[in-house]
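Note that the chains are named A, B, C and D in the order they appear, and that numbering of residues resets to 1 at the start of each chain.
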Amino acid sequence: MKETALMMIGAALVNNVILARFLGLCSFMGVTTRIDTAAGMGMATTFVITVSAMADWAVQHYVLDAYGLGFLRTVTFILVIASAVQFTEMIIRKVSPTLFQMLGIYLPLITTNCAVLGVALLLVEGNMSLIGATLFAFASAAGYSLVMVIFAGLRERLVLAQVPRLFAGPPIAFIVAGLLAMAFMGFSGISTV
Amino acid sequence: MGYFERIFKEPRWGVHPDDHKRPAADAALRLLPPPARVYMPLSQHVGGAARPIVLVGQQVHKGQLLAEAQGNISAPIHAPVSGKVSSIGEVTAPHASGLGFGAIVIDSDFADRWIDTDPVADPFSLSPEEITRRTAAAGVVGLGGATFPSALKFSLGKRLAVGTLIVNGGECEPYLSSDDRIMRDSADQVVDGVRIVMHAIGARVALVGIEDNKPEAIAAMRKAAAAYPEVRIRPVPSRYPMGSDKQLIQALTGKEVPADARAAEVGVLVHNVSTCAAVHQAVRLGRPLVERIVTVNGGAVARPGNIFVPLGTQVDELLAFCGLNEAPSRLILGGPMMGTLLAHGRVPLVKGVSGIIAFDAREAAVPRAGPCVRCGSCTKACPMGLLPLEMAAHIRSGDLAGAVDFSLTDCIACGCCAYVCPSHIPLVQYFSHAKGELAARERTRLRSEAAKRLAEARLIRLERESREKAEAAARRQAERKAAKALAAASASQAQAVVT
Amino acid sequence: MKPGMNPAVAPVAAPHATTANSVGRVMATVMTALLPATLCGFWLFGWPAIYLWIVTVGAAMLGEILCLRLGGRAARPALSDGSAILTGWLLALSLPPWAPWWIGVFGGLFATVMGKQVFGGLGQNLFNPAMAARVALLISFPVQMTAWVAPLPINAAAAPGIIEGLRITLGALSPALDNISSASLLGHVKTELSRGIDLLHLLTAGHAAADSLSGARAGSLGETAAWLIAAGGVLMLFLRIITWQIPIAMLAAVALPAALLHLVDPGRYLDAGSHLLSGGVMLGAFFIATDYVTSPNTPRGQLVFGAGCGLLTYVIRTWSGYPEGVAFAVLLMNSLTPIIDSSFRPRVYGRDRKGVALEPIK
Amino acid sequence: MLSAVGTLTTMGLVLGGLLGTAARYLAVEENPIEAELQSLLPGSQCGQCGYVGCAQAAAALARGEALVTLCPPGGKAIAEALAAKLGIKVDLSAVADDGPRLAVVAEEICTGCCRCSKVCSTDAIVGAAKQIHNVIREACTGCGACIERCPTEAMSLVPLPVTLQHWIWPMPANV
């Protein structure tokens, strides 16, 4: 129980997908101009990561390991992820057309969001059980969503700040991301205690 | 007030600026001799401008109708002096823009001859409707500065069965003391006016809110109202903006006026003390609103005090009467918190002006505006519970919708936020700018909707025209055919006849 | 007579009166409130501390001037508000008192350049500049940033003099440091716990509370005299420079979990008093978390913010790899400030909390 | 090799089948955004955007072929509204917006040819043949279609005069 909790905290905060592993930076910069968009993206990606983690775990165990097809891992994982993204896209389009419009190209691009494949590969390497893998994926995704929302909040304020022209736009966003990553370093060591 | 009250009873909102009311408030009321020329603007009230009914060259008496109300919301204006109408044209408006507006210019004959008035010995024998009619005819508008036609508020109060009349004697603006003066000098008139207004709207009780920095006015009003238990004098803490309707209602009744609703909908109606005195004049004496008390104050004024002035007098003339120590560094119409900056003094006094403030150089010094440090002083000061810093930040970055999301439309422009701002950011100007911009967009929207309707009407017209043209052509063709057939028939007949 | 001629270039909106308060005055008051604790730090840690303070404040001002010059803006008005000095000052107070000069220079420059000016200067930054610099220093130079010395009052025989102090700050006397090097309480506890020694054996009674008044113990330059800092904070509360919500919430959020867990296992968890009085909690609660720019504006938001700072401080101190968590906690809560601000708006007159107009009540 | 190809094919087929089924249940009607966009446009059919009318412009916007800044009479406000509706962010600082304008007739040059009134989409120009024409202020949208038609250059666009009611406080100077 305690190990699971620590593992989840570790996945969400200490080894945060964005701020510690630097995965998923494309959407981190792309759809964090508004809090609600970022939250929507976070939820969509959480769904994709969790679903595809479960599917990938199954594929790894029952297909790749069973038939010795380890070299197909990336291809098959991408296939699974792509399907999960397609499915998510359909759901969002049905449930919230506004969010669909706001996410735009970034929604299908979850497919190539390295956070998704990254988490899948990490949990395969971690040799986890199905439940462990699911929880790990969910915690990682929750950490991703948290940082997305925080960063969107900061950027909403940045828009109002009188940033020097030299730093306006992506430069200041990266500086903020750096400072945020520094702040998250405070969590380091928690999961090893 | 003890510490207990200070901590627990004082409202959490607002500011407490130096009031600078004395010695001007204590100086005896003076009369301005009739000026040689007055400029009576046609638009001294909220709503449509009045329509002139006098001709250039016409002789008028004091109190004579010069222009009649026009439209649903409007008020008439009357001659403030007797004399001759010398012209009807544009004068500089008492407005920050310095733009002009229409006015009737009268050259005084210094006789000050009144028209024949129609006094009423017992106004309480009149019907409420009659009082409302007489108030409207006398051109009485809200003299606290809102300048909304009072008679319209009477009918609204009557219709919504308002039970409580709130009389605003707050006068929370620093420097101003015209309401204070009228309560001290003419408390009987004010109380009589209050009772007439109560009769007009059918209110059972009147609460007169007076800030506790005016003990003389409170005493005078208590004395005048002693015989009338339904008129209750209620001292309120002196805290700006206590004289704002919504805040005074809350302080006196504990009720909150819902957003986008009128005070009458929660059963109260607010009238200013000076307005009540004007109603007394209008109904009991039959005198239209042509004069008022104006405070002249500020460091540049030699003899500050309250002056009884005919409307339409130029600011310069009033300042000259009071004398100046130095050329004013800043000339303000109204109070320093919400007043209008004047570019020059060649501006007529209108019904809603309760004071003229001429700042000397020291008072007028403006600290340089700095960046917002998000200290939150403005949030604490805002009597409406808004977040001025967020609204201003959104407006500055051009995001008006964002500012509206922070309830920009609830802002009453009281100026508390800008007053307390340690960075001296002109917050109110941001809000005024945004409100103006939003109003302009609304006008554009209405305009484009109208254009859309017109364009559709034109399409229908073109369609109808082409259809009619086609029908006409068809008809003509048919006629021609028929004529041809007829001709052929008659020809064959003729032939037949011939054969 | 020709009165009142105003060259009205652009109309100026009301109000035509303004408060005598100004940003410069606020900053000056905060500095006054910091003075007792700072002087106490100077007294306890001697000349090296004074030099470090000067270097840090100077570097912070230098960073400000450089950026303003590069941006083509006048440096004087921006400097005169005192915000750069205060940033450098707060950073200096959180540094090890005998740290070498370049720590102060790096920190001071980082604080004003990366923490503030790249965002556009005063009021635009998202993170507390002093704490951003402190964290940057801590993760970049962990050795220098955790080299504490035992207090050695300035007039003590063994204390370094003016010249010797300068040499310490310039880094020339580092071997001598070993003789008096010490550990802060929190660092000591963390190290010993990780070696499997429990607190009951580690700490002798009466260690913290008495020292915290005089500040005579190892720690950052201005953080050891907790009571003096608290006194400065109370002064600011009294002068209405800050409100009570953030400090009280932060102190409570450190004290409550500390007290609870100490009850559960005194061998593993320090008591609430030690947590409150050691490290940067006092300085953080009164002077750093209350930074206007990076904290929420509304009372309820401030309560949440303060509680978050306190809780995260405790979590990081207790379970993470760092002995002290105030700087991290403040930065983390800074990052949440926009979200807190948008979730806790004050109720608008005539509307309910959600912004819907009230029902008229007759 | 064969097993690899087989695995991938099977997985593709299975996942494709699942998605196909899901698509049937989650089908969405096309967003009726075109009508909403059209309601935002001025509706004066002036054609300055290059499309025949506002409906065509709205269709182009919905297809993503036109920029939100396409409507000159609409100015900044409409560009902003369109961008918000389409959920895109645009930098509108470059959009020229001189405020609303109004067509006026120079009476001494007008020949009363009636060409302008024929092109006016809101029937804002009145005047019989050989009589000096006049513009109805309230109806004129300032689209400028009449300007090009006038053979004697008697028509011009002027900014709406600023009145007390229409005056807007200027934005405070930046600090």
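The rule we apply is simple: contacts are C-beta pairs under 8 Å (C-beta built on N, C-alpha and C of every residue); 3 or more make two chains touch, one makes a residue touch a chain.
These numbers come from a predicted model, not from an experiment.
With A-B and B-C as the two chain pairs, more C-beta contacts join B-C. Rounded to whole angstrom, the centroid-to-centroid distance between chain A and chain B, based on C-alpha atoms, equals 58 Å.
If you average the CA atoms of chain C and of chain D, the two centres end up 53 Å from each other.
Averaged C-alpha coordinates put the centre of chain A at 39 Å from the centre of chain D.
Among the residues of chain A, those touching two or more other chains are numbered 162. Of all residues in chain B, those that touch two or more other chains are 96-97, 368, 370-371, 396, 423, 426, 429, 432.
Multi-chain contact residues of chain C (touching two or more other chains): 11, 13, 120-121, 124. Viewed as a network of touching protein chains, the structure reduces to a complete graph with every chain in contact with every other. In the complex of the two chains, the chain A residues touching chain C come out as 35, 149-151, 153-154, 156-158, 161-164, 167, 172, 175-176, 179-180, 182-190, 192-193.
Against chain C, the residues of chain D that register as touching in their complex are 169-170, 172-173.
Chain D makes touch with chain A in their complex at residues 3-4, 7-8, 11-12, 15-16, 18-19, 22-23, 26, 28, 31, 86-87, 89. For chain B in complex with chain C, the residues that touch the partner chain are 15, 17, 96-98, 163, 174, 246, 250, 255-261, 265-267, 315-316, 319-320, 324, 327-332, 334, 336-345, 357-359, 363-364, 366-368, 370-377, 379, 383-387, 389-390, 406-407, 410, 413, 415, 418-424, 426, 428-429, 432. Across the complex, chain B meets chain D through its residues 43, 93, 95-97, 99, 101, 368-371, 395-396, 398, 401, 423, 425-426, 429-430, 432-433, 436-437, 439-441, 443-444, 447-452, 454-458, 461.
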